[in-house]
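Structure below; questions to follow.
Think of it as A, B, C and D in the order they're written, each chain with its own count starting at 1.
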Amino acid sequence: MIPLSWYLILGAALFCIGIYGVFARRNAVAILMAVELMLNAVNINLVAFWRYLTPEKSTGMAWAIFVLTVAAAEAAVGLALVISIYRSRDSIIAEDMDLLKN
Amino acid sequence: MNLYNYASQTPVLPAIPPLMRDIIGVVVISTFLLLIAIVLIWLMRKVIARMQKRIGPNRVGGRYGLLQPVADVMKLLTKEQITPAGADRWAYELAPILIVVASLIVWAVMPFAPGLIGVDLNIGLFYIMAVSSVSVVTFLLAGWGSNNKYALLGAFRAVAQLVSYEVPFILAMLVPILLARSMSTVSIIEDQTVPYLFVVPLAALIFFISALAETGTTPFDLLEAESEIIAGFHIEYSGMKFAMFFLAEFLGALFMSALFSTLFLGGWNIPIINLIISLFGGQPIDLAAMGIAGTIIGLFVFLAKTFLIYFVFLWIRATWPRVRVDQILSLNWKVLVPISLVLILVVAILDKMIPEGTTELVRAGLFLASNVLIIFVALEIMRRSARRQRMEVAGMETVDSGTHEITEAAAAD
Amino acid sequence: MVEQILFVLLAIITLGSALFVVTDRNLFHAALALMVSFAGVAGIYITLDAGFLAMAQLLVYIGAISILIIFAIMMTRRLMQAVEMPFNSQRWLGLFGAVITFVVLAVVIGRYWPIAPSADTFLASIPAVDPEVMSGSVARLGVSFVNPDAYVIPFEVASVLLLAALVGAIVVAWPKVEDKS
Amino acid sequence: MTHETLTILTWLIPAGPLLAFFVIVLFTNRSRTLSWMVAWAGVFVALILGWTVALNTAAVGVHHLEEHPTVASGAIPWIPVGDFFEGTWINIGVAVDPLTAVTLIMVTFTVTMIFIYSVGYHNWGAPLGKILGVPNHLQEEPLLSRFFAFMSLFAGGMLILVVADNLLLLFIGWELMGFTSYSLIGFWYAREYHLGPGDIPHIPPYKASVKAFMTTRVADVVMLLGIVFFYFEFGTMNFNEAFTPESFELVLNAIGPVAIGAMALMLFTGTVGKSAQFPLHVWLPDAMEGPTPVSAVIHAAAMVSAGVYFLLRIFPLLAVASGPLGTQTVSYIIAGIGAFTALMAATIAISQNDVKGVLAYSTISQLGFMVAAIGIGGYVAGAFHLITHGFFKALLFLASGSVIHGMEHGAHEVHDHHTDPQDMRYMGGLRKKMPITFWTFLIGGLALAGLPLITAGFWSKDEIFAEAWYLWESDGSLLPLIVFVMLAIAAFLTAYYTARQISMTFLGKPRTPLAEHAHESNAFMTIPLILLSVFAVIAGWAGIPENFPGIGPVINLNYFHHFVGATIYKLMEELYELHLVAHPIETLPFNMEPLITSLVVALGGLFLGWWIYGRKPLKEGESDPVAGPLGPIYTFLYNKWYIDELYERVFINPTTYVSEKVVYQAMDKTVIDGILHSVARGFYGFGYYVKRFEEVVISGGVDKLKDGFLDIAEEFRQLQTGRVQEYALISALIAVALIAVVLLINYGWFGQFF
């Protein structure tokens, strides 16, 4: 007896927590973690819709898998960027990375 | 598949309500494993001692030192629990629990005998991969938690090694999955009319090597190289916590041997005997159809195979030296992963090329032939590259064939 | 009833650890909480009969991504020793933004699928399908990945993306070698 | 496997090499290693798919095939004919029948072997050669990428030709091979020869390539006319649609025997050019100027086989054209040309000293065998010899290339770069130096000579002899007997010069320091030799007649005969009942005479060759022992019957004269150039004024505009703080606000919420 909306609300909540992390954290690694949370929220929605609406198709799961893939790639590249930035400017504070200012 | 109606397939204890049955199943299996670990300790000490021309434990409990492990456990239980200063309490306390949990729950999908299995997931092997990859985290917890350089170094080594050996481990697991067209351990066992060890020996070899690395036994025991980073990530642990790490290691080794016997030796099944029988035109024995007797026989067969493989583990552990960390990683990335990728490709293509209706033996023969071919080619390439490296080390130049032709050709133009 | 309790527990675990992730000062603990949150999401998948995805979640997120994150934290940990402000100047505005986003989303969801569980409303409970369909879902997934009418192109593209990410990560994180000449 | 799957796989067979060609040309041409790997990948894909298709075709079973020979076929509309919408379309498509299957097995395998071999032949891994366009001995070929690109294109063309189900697609593959053979023969475009008096006459590769291209063009034009004629009469180019009894009767009644014979002969002319039959055979010996893998792939695996394969494809047409209602002339011409070519080339081959030259002429002669067999109506015999010859001739070419490689190695060791490493007179005693090459070459040579009962060549030649003898006995026409006799002599000479070549190359003592210092080649080259030699032996066993004394009853399947015969079995039966063809596809009764003949010629020739050359090998500097006794005949043969000189006088000189004097000097220089120059001046003057206008008006205006934009931008840049999180927050807030507004509007402002 779990309504679909519960899953959707859960996904929304997770997404908003992630988005708050992206807005407010200073540390780049923390921002990456928050982004991973947001991706998870998306996956919850995909899987919930798949299970409730079209369980006999494989669409939802397939796209969840793609999101997983993208998340892995994103984590790898993002953390590599963090490390190289840390090497070059000795700081991973997102606010300090404003080379594009003006 | 629902993890929370679990072990519903077990024919034993049918009367009890499902939840009770599940709890009983979990308790029985875990207790059995935790107890068998004690036997394993004694076994390891005895076997390795024999291999090293020693007698091994021979005081406590008769001249075979049967009670030695009990004494060890007593000692470990009564030791003082020390928590290092500046330790990250969370991680430090969590690590031993998690590692034992992780090494226990993988057994959920291990078929001990026909009908005697925790739960027959249709993605059993995938479950094993996932859980064993989770167990990597615990090393990091331990290493970071116990605020200690050596522990952190050990954790780094362990994670690097385990994460990179995940790849050939999983790739080698994919080959039986391809052959059996299923990820369920039970159907893989039932599919083996010929044991996969004789169908795809290369996959078995790769799986065995990477299993050694996964369990961190010699020659890949860098994560607890006593002589370099005194016992690695669990250096700061004492008493029962240390014992839990130890326990997890033993269970991991045992699980790897059980998995090997499941994937490549036919698990509780008796394919070779059935093969011989059917060659003489007899009716092959179906243990699954024999009820409780079949279960008992299957259990014995399974345990026999498992302990055979575990003995090989001990053998290697007792005889082989430790390799360097760069050697470990280059072995993984330059040898095992490419070979296993090629292997998967070949197996898949061959599986499609063989026309329908060819008998099992012919299929097995073809796969075996392809494996042998790959092995030879790989050995040849490795030999050449090794020779090139030796020449570079010796500082020899490759023969520079001459400027003579060039002037010649220039004259010709 | 059991499902609801289970779901609520999983949701609490997930959201709580997620909050911990975005608020905790100690990044290492944040990463641990992240793992817990991932595990909670995996549990959610299991309640949705997507065991394969749950395992994939464990394998990829906990087994790979979290490990990566922890490595990054350890490699940049000299910064973490100094206790610092975890939030930047726009934290209150950010909080407001997040909350308002959640409100809007909740309103929309509430409009279409009522929150309260009651038997008569649309999709009030997980629709029952015969176990064959569920047990065959992984096989269907696999087929749809290599089926030209389904997802073979995205699948290949994803593999190329992974390769590119691999190479790119190595290239970016490679230490700068100052040439001797 | 289902019909559809098989068809898709068949479409994909040529795709691999063609794709490899484009990938190499467009992307990987900078990296030689990557290029050959890509080429290997393409050809391996072709191998796997080709063998899968072939094996699945064989799995269908002969009896079913005899009823429905085409196991896979699919076509797509390609060119609209006449009106785009109502008009018909020319379809191109693929079809697989037993003939395609066996050819696929042979072609894909040999081509793969040749690709593997080429990597070693071009010294991959050795230090890089410096000079482009000439062979860099013992150094890596600088143009390796180009080489493999063209080789892939060539293989793709051949595979297209093999799987094609219509004349048009077949012709496309045909021309692809024509072009690539041109560019591959001329691969060492900068090579020049400084020949001494005693040396073997060579012409430089670029001339050889032009010669090959031009000669085959002559034939292809006639062939194209034939195709047009075919399409005009039959109304389709698809073999399965065209070759039905009804359409044959229709066409025969419509245009009569002479015209259909002319059509057959026009198509046959293409084969004459491609398969180097007299009088258009002159290009093939000079085509040896290409690298040896090219010689192998052109003269054994692919191109020359394509001509014969084409003849087999249109065999029903030939059979009808020379059938009872047709004219015997067709078969007389085809078989006569084939037999004469076989004999002439064999006679030339006995006097050649170039190790590849001998093989070149033996190729011509063996092709003559096939064409003669087809000419007298031996469908299966021709196909069988095509397949076996493909295997052992590729083996022989690769082995000779390995010999040359070893000799070049020796030349490098002793720093002698004037002795021709291809000249057999300078070889000898290589048996000890290059054992693997020797044994494989021996196997190939014996197969070529037709060593009885073991080698593949024996079975296929014996099939041809048996066919000819049977036809002579059955309907007593004189043609098969003549063919029989000529081919017998040719086979004798074949065995003779094979023994001569093996003896001069491998036996005895080294006659020069080059041979003294020769080395065995690397594994890249030897492994294909070994694999090919296996097939050079066992390929023949598939065709042992069931009524052959001793072995036949034991094995008791003439599998090849029934399998390939199934391709047109049904069609020929129907045509035979309509009295359109002289014979259906029938199993030959066993005759002693052809067997004895082939035994005698093979063993006799081998023995004679060994007696003259092998028993007491040539000493250093000793001339050919038969040169003395034969006298002027030897000179005549040595100069290849003076055919090249003849063509030079008759065709080439007048053409060059006319083009130089009349066309170039008179027309081009004076008339056309004059007109062009005046036009150019006019446009130049006009362009000057356009330029001025552009400078003043347009660019001036653009500058003004730019300055304006710069000033605006100065103001706006203040907004950019460079902090990602701020951007994210702002955009998110805006988005949420928009959504909120939309919702409010949607739900009638503050109407019934919740």
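Please note the rule applied: a contact is a pair of C-beta atoms (placed from the backbone, for glycine too) under 8 Å apart; a residue touches a chain by one contact, two chains touch by 3 or more.
It should be emphasised that the depicted structure is a prediction, and the values quoted were computed from it without experimental measurement.
Each chain gets a centre from its C-alpha atoms; the one nearest the centre of all protein C-alpha atoms is D.
Annotation: 57 Å between the Cα-based centres of subunit C and subunit D.
Averaged Cα coordinates give subunit B a centre that lies 29 Å from the centre of subunit C. For the pair subunit B and subunit D, the distance between mean C-alpha positions equals 52 Å.
Touching of two or more other chains is recorded for residues 19, 23-24, 94-95 of subunit A. Annotation for subunit D: residues touching 2 or more other chains are 725, 729, 732. Multi-chain contact residues of subunit B, defined as those touching 2 or more other chains: none present. If the chains shown are joined wherever they touch, the resulting network has some other arrangement, not a path, ring, star or complete graph.
Of all the residues in subunit D, the ones that touch subunit C in their complex are 725-726, 729, 732-733, 736, 739-740, 743, 747, 753-754. Looking at the complex, you find that subunit C touches subunit B at residues 6, 28-29, 32, 35, 46, 49, 51-52, 55-56, 58-59, 62-64, 66-67, 70-71, 74, 134-135, 138. Note for the complex: subunit D touches subunit A at residues 717-718, 720-725, 728-729, 732.
Across the interface of their complex, subunit D is touched by residues 88, 90, 93-94, 97, 100-101, 104, 107-108, 110-111 of subunit C. By the touch rule above, subunit B contacts subunit D in their complex via residues 349, 352-353, 355, 398, 400-402, 404-406, 408-410, 412-413.
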